[in-house]
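Read through the structures below before going on.
Both complexes shown next keep subunit A, but they swap its partner, so subunit B is in the first and subunit C is in the second.
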Partner chain A sequence: QKVSVEVLDHLEHLALVDFRDSEGVERLQKAIQFADQLHEVNTDGVEPMDSVLEDRWCLYLREDDVTEGNCTKDLLENAREKVEEYFVAPPGTDFLTKV
Partner chain B sequence: AVLKGRLRSQVSAALKEGQVTPTELCQRCLALIKSTKFLNAYITVAEETALKQAEESEERYKRGQPLGILDGIPIAVKDNFNTAGIETTCASNMLKGYISPYNATVVQKLLDQGAVLLGKTNLDEFAMGSGSTDGVFGPVRNPWSYSKQYKEKSVPKSHSEDEESNWVITGGSSGGSAAAVSSFTCFAALGSDTGGSTRNPAAHCGVVGLKPTYGLISRHGLIPLVNSMDVPGILTRCVDDAAVLLGSLAGHDPKDSTTVQDDFKPFELPNLTDVSQLAIGIPKEYNAPGLSSEILALWSKAADLFKNAGAKVVEVSLPHTCYSIVCYHVLCTAEVASNMARFDGLEYGHRSDKKDSTESMYAATRREGFNDVVRGRILSGNYFLLKQNYEKYFVKAQKVRRLIANDFVEVFRSGVDILLTPTTLSDAAPYTEFIQEDNRTRSAQDDVLTQAANMAGLPAISVPTALSERGLPVGLQFIGRSFQEKQLLTVAKWFEKQVQFPMIQLEEVKRHDDGVFQHQKSASFS
Partner chain C sequence: MAARGCGGVWRQAWQRGAGGPGPGPGPSPRGQRAVACNAKGGAVPAGKRGLAPWIPVVGLEIHAQISSNSKLFSGSQVQFAAPPNSLVSFFDASLPGTLPVLNRRCVEAAVMTGLALNCSINKKSLFDRKHYFYADLPAGYQITQQRVPIAVNGSLSYSLCIDNKMSQMVTKTVRIKQIQLEQDSGKSLHDDARSQTLVDLNRAGVGLMEVVMEPDMCCGEEAAAAVRELQLILQTLGSSQAVMAEGQLRVDANVSVHHPGEPYGVRTEVKNINSIRFLAKAVDYEIQRQIEELENGGTILNETRAFDSKLGCTVPMRDKEGKQDYRFMPEPNLPPLILYDAKSLPANMNHQQVINIDWIQERLPDLPSVKREKLVEQYGILPEHSFTLLNEDGLAEFFESVVKQTQMKPKKVIGWILNDLLSYLKEHSLTVKESPVSSFLLADLLNLLEKKEISSTAAKQVLAELWKGEGKTPLEIVKEQKLGLLQDQKELEQICQAVIDGQENEVIMMVPG
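Right after this comes the complex of A and B.
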């Protein structure tokens, strides 16, 4: 089963990595083929596992108290384009732009 | 000689008694890093800050107030851990020049105990790979390539060709850390382990590689690959040292909500003499396709070692082992697709000059910043996460994961304490041979023995066992019960003592200006 052009377009938009050379598409096909082996396994009645720590209930919500912050300057340090305390992005999005 | 010592019993004592100072130790390590530059183990060497840390440590020793065993000890950190003020690149163009404003929790813990941070070690780009060959700073060379033991066994084609074409890989993805420890440039190094990335290079480089239980050590500041499987890894020259590092790193971190809240008590390892109470499990599925006959024999010999010492040794079965690589492939790429989404050029890292639109800037940034391996995984991951594929692939893989984890639960429930398996399929391959297969194929092959432990979140350790026919290290792996690191390490230490793995005899390699390596026979490091 080949991956359809619609799916490829959709993937490119979602993943935002280009792979339109035949090598990229082939690599994807191989990855899917490899993953298809999963369907040999009988998983009837098996619950999906999100975390190996599921028995320990360790994921928790802490109190909504401010414990750190005031580091705007540090955080902006690594951004290439900024204006005052804003990160600057090019205007608009264009779903059909070919990169 | 102190460079070869054990932390608790030898180095710490030497520092306390003033036989060696932290500054001397630091300088010696820095000099060694320079003279082993051809290994390409380090991406960044933080010479100034390291010397400053060493000086501060020295002051504390003078006052008789060292912070602990790690005070003044030179260590290295894999370059996917955030280090404040020191570049963190993940061996990728995406993060070249990135200077983090904070330390990863594990880095902070080491610094708080006076450890001296020598630098950041090389890896596969974003920790994706099993060779440490796919980073933008080039591949890491296994120090054993330059050992007397390897050279004696290899047939040189011609004198100059010998050096250039014969060197072997470190394994990966924490190859830089493994090489750094193996070549004595530091006493311990941090790696990361998602599918075997600490244990694999440990086995190839003849050092101890510990993967702790998931949830024991904080991942805060470790640039994530697979949130449900990543752990910081520990690389040292002996099991005792791994226990020291573990003691200083483990424990709940409020900044990482996936760390368990149980109290962790650091421990010293007892000198086990009686193994008759131990039950060792030998999972038959780990006699995997491609396992070299040499390693199979070593594994068998190790099992006999335990048997002859009175331990109960039984064959066990982990029936879903053969699916763990496929399961990992889906879960890993899916989580990677999600985790790599943060790299868009806006807040940090590389940013493309393309300005047409936000999306085109993002896409160009990611094309320019990531290598093929990373992009390939992002793509596959996004495919498996598509609405029409989510149940079929991602959820399916999560179900298979439970089956894999349950296999271990069953085996441990049946009375087995520790599992004994090989760590790798063979000894380290020559670089020229390794790169003939692509990254995904290699990872799929090489991870098969290590990555089920990540699936199940279990602690596992690779212990250097013997040299292969080619004179290269082979390690064997012990897998333990969740949070039973003390038992795991105690058994590993006993085994280490039995096998008496030989010390690497590094020969100096002098490089002439015309770039031709000239092998120089000299006294081995002493």
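Right after this comes the complex of A and C.
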């Protein structure tokens, strides 16, 4: 089953990924085929698992204390562009358009 | 466009339609509402040219910033104004290798709010990722609770004045669909001149409670009243300070219209509403816009619109291309959130790791509705008075403080609080805390009045003088301006005699007649 052009465009838009050439699209289709094998398992009446910890209560609760922050310099160190301690990004959702 | 209950707006839209070409019903007789409220409480206005009436439907999505020291999943500080990117941890900036750690206080705030809104608290709730790309969302997803939120199926009761008369109040209820915990995003500052966006992540990761209200409301006034009551509840609980001006309370309205008996119409989402007053305006404008669009043969798009407060209208928002696909998935770094009650309390667990719903329930403060009832019962004031007292921050406490310090009956004191003090405060845009007249001074003044040492008129004069805040006591002002009532019979006689003596001619002329 082929992946339609609409789905492809939609995926590229959502994931900011450029499939570029037919090889990329082929690889995508093979990946989908591989994952489709999951459908062979009968999951009727089985609760989806979202944590291997299952019912063992394990979500740690932190006290409401201020323990972090105040590291502006460190955070901005890797920014390609900055303006007076602000990060700089392209306007709006411009980064969605293809390069 | 005054939102005078549901009646006012629809009369306008209706009259505008009647003003067009072709035969139409004449304007409604003065004073008679062109709108009848149906049994459900929704306005059912007459359409132009005899078309079927419209039922507006309004739902709300409210984001309340949780009042906590640190953020929902990290230990950086929560504070309104701070140097850009100074309240940001590595996790908030989404640097690789960081993980979310849930803040206990945020969970308690959500449980308190859920209980206050009569919700069922889910003992097991889950966290999910909601994906979308935006400059102020460094991770590319927001951690929220889409599948199983922390609280569901509640209700909120609020009151409205009919026809703008405070004496006729009606109670309405809106269903609360759910309350969920989620992260706030950072802030984007758009620099159109240089075609760039400046990003400040101080707000990124702050805890939010999203309160979803079912579409049980029918106009701007109802929406505003519901949000106002929610605001008071949140402030009473302390779970959120809910100051809209500081972005601690954000409201998005979902609006649609349909004919009675037909399915709900296409809804639009209205954003960028910055005050409760604007909320009423935005909702009423959007309802009217949709009605006019549909009556002119147009269609309503399922879109997001922004409210322009300067123009008083809603406009389509840019950057909203088609329906968003958020690709929800369970948050793999957070196991389910488990809450306990008295019955299910685990035996051998660290107290700090356990949240007991019943324990929180027992410690809930009196909600506004209960406070109002108590004020009415204890002091014999009218229900509408209790609303005004609670509506103004600190006014109820001021009132009670004055009552304690004076012999004057609360029923009389309330008049001085609501008519005199409050109008002064409003005139000078002051809060109760900023009042130059303290409860002590006012009580002092009322005592003079109660002991009949001054007249009511004189008391008002003294209050005007006290308002100047020059530090004089009521008694000093009375003496200064000679406002004291004379009690001595003899003194009164002397004065009257002096007047008569001074006007001999007039008296002579009057006596025979």
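Note that the second predicted complex is superposed on the first by the 92 of 99 C-alpha atoms of A that agree within 3 Å, B and C clash if a C-alpha of one lies under 4 Å from a C-alpha of the other, contacts with A are read in each partner's own complex, and residues count from 1 in each chain.
Going forward, a contact is a pair of C-beta atoms (placed from the backbone, for glycine too) under 8 Å apart; a residue touches a chain by one contact, two chains touch by 3 or more.
Being a predicted model, the structure only gives us computed values, none of them experimental.
Student: Touching A:S51, do we find subunit B (first), subunit C (second), both, or neither?
Tutor: In the superposition, A:S51 touches subunit B and subunit C alike.
Student: Answer with first, second, both or neither: which of subunit B and subunit C does A:Y60 touch in the superposed model?
Tutor: After superposing on A, A:Y60 lies in contact with both subunit B and subunit C.
Student: Taking the superposition on A as described, I'd like to know which of subunit B and subunit C A:D18 touches: first, second, both or neither.
Tutor: first
Student: In the superposed arrangement, does A:L38 touch subunit B (first), subunit C (second), both or neither?
Tutor: Touch partner of A:L38: subunit B, not subunit C.
Student: May I ask you to name which of subunit B and subunit C touches more residues of subunit A?
Tutor: Answer, by number of touched residues of subunit A: B.
Student: Which partner does A:H10 contact after superposing on A: first (subunit B), second (subunit C), both, neither?
Tutor: Both: A:H10 reaches subunit B and subunit C.
Student: Check whether A:L75 is in contact with subunit B, with subunit C, with both or with neither, and answer first, second, both or neither.
Tutor: both
Student: Determine, under the contact definition given at the top, whether A:E85 touches first (subunit B), second (subunit C), both, or neither.
Tutor: Second partner only, subunit C.
Student: Which residues of subunit A are in contact with subunit B in one complex and with subunit C in the other?
Tutor: Overlap of subunit B and subunit C footprints on subunit A: residues 10, 14, 16, 50-51, 53, 58-60, 62, 71, 75, 81, 87, 89-93, 95.
Student: Which subunit A residues qualify as touching subunit C in the complex?
Tutor: 10, 14, 16, 50-51, 53, 57-72, 75-76, 81, 83-93, 95-96
Student: Which of the residues in subunit B come into contact with subunit A in the complex?
Tutor: Its residues touching subunit A are 98-99, 101, 214-215, 228, 254, 257-261, 320, 323, 326-327, 329-330, 333, 337, 344-349, 351, 354-364, 366-367, 370, 375-376, 378-384, 386, 392-393, 395-403, 405, 440, 444, 455-457, 482.
Student: Can you list the subunit C residues touching subunit A in their complex?
Tutor: Where subunit C meets subunit A, its residues are 68-70, 74-77, 83-91, 93, 101-107, 126, 131, 133-135, 188-192, 195-201, 318-319, 325, 327, 330, 332, 334-338, 346, 352-353, 355.
Student: What does subunit A use to touch subunit B in their complex?
Tutor: Interface residues on the subunit A side: 3, 7, 10-11, 13-19, 24, 27-28, 30-32, 34-35, 37-41, 43, 46-53, 56, 58-60, 62, 71, 74-75, 77-81, 87, 89-95, 97, 99.
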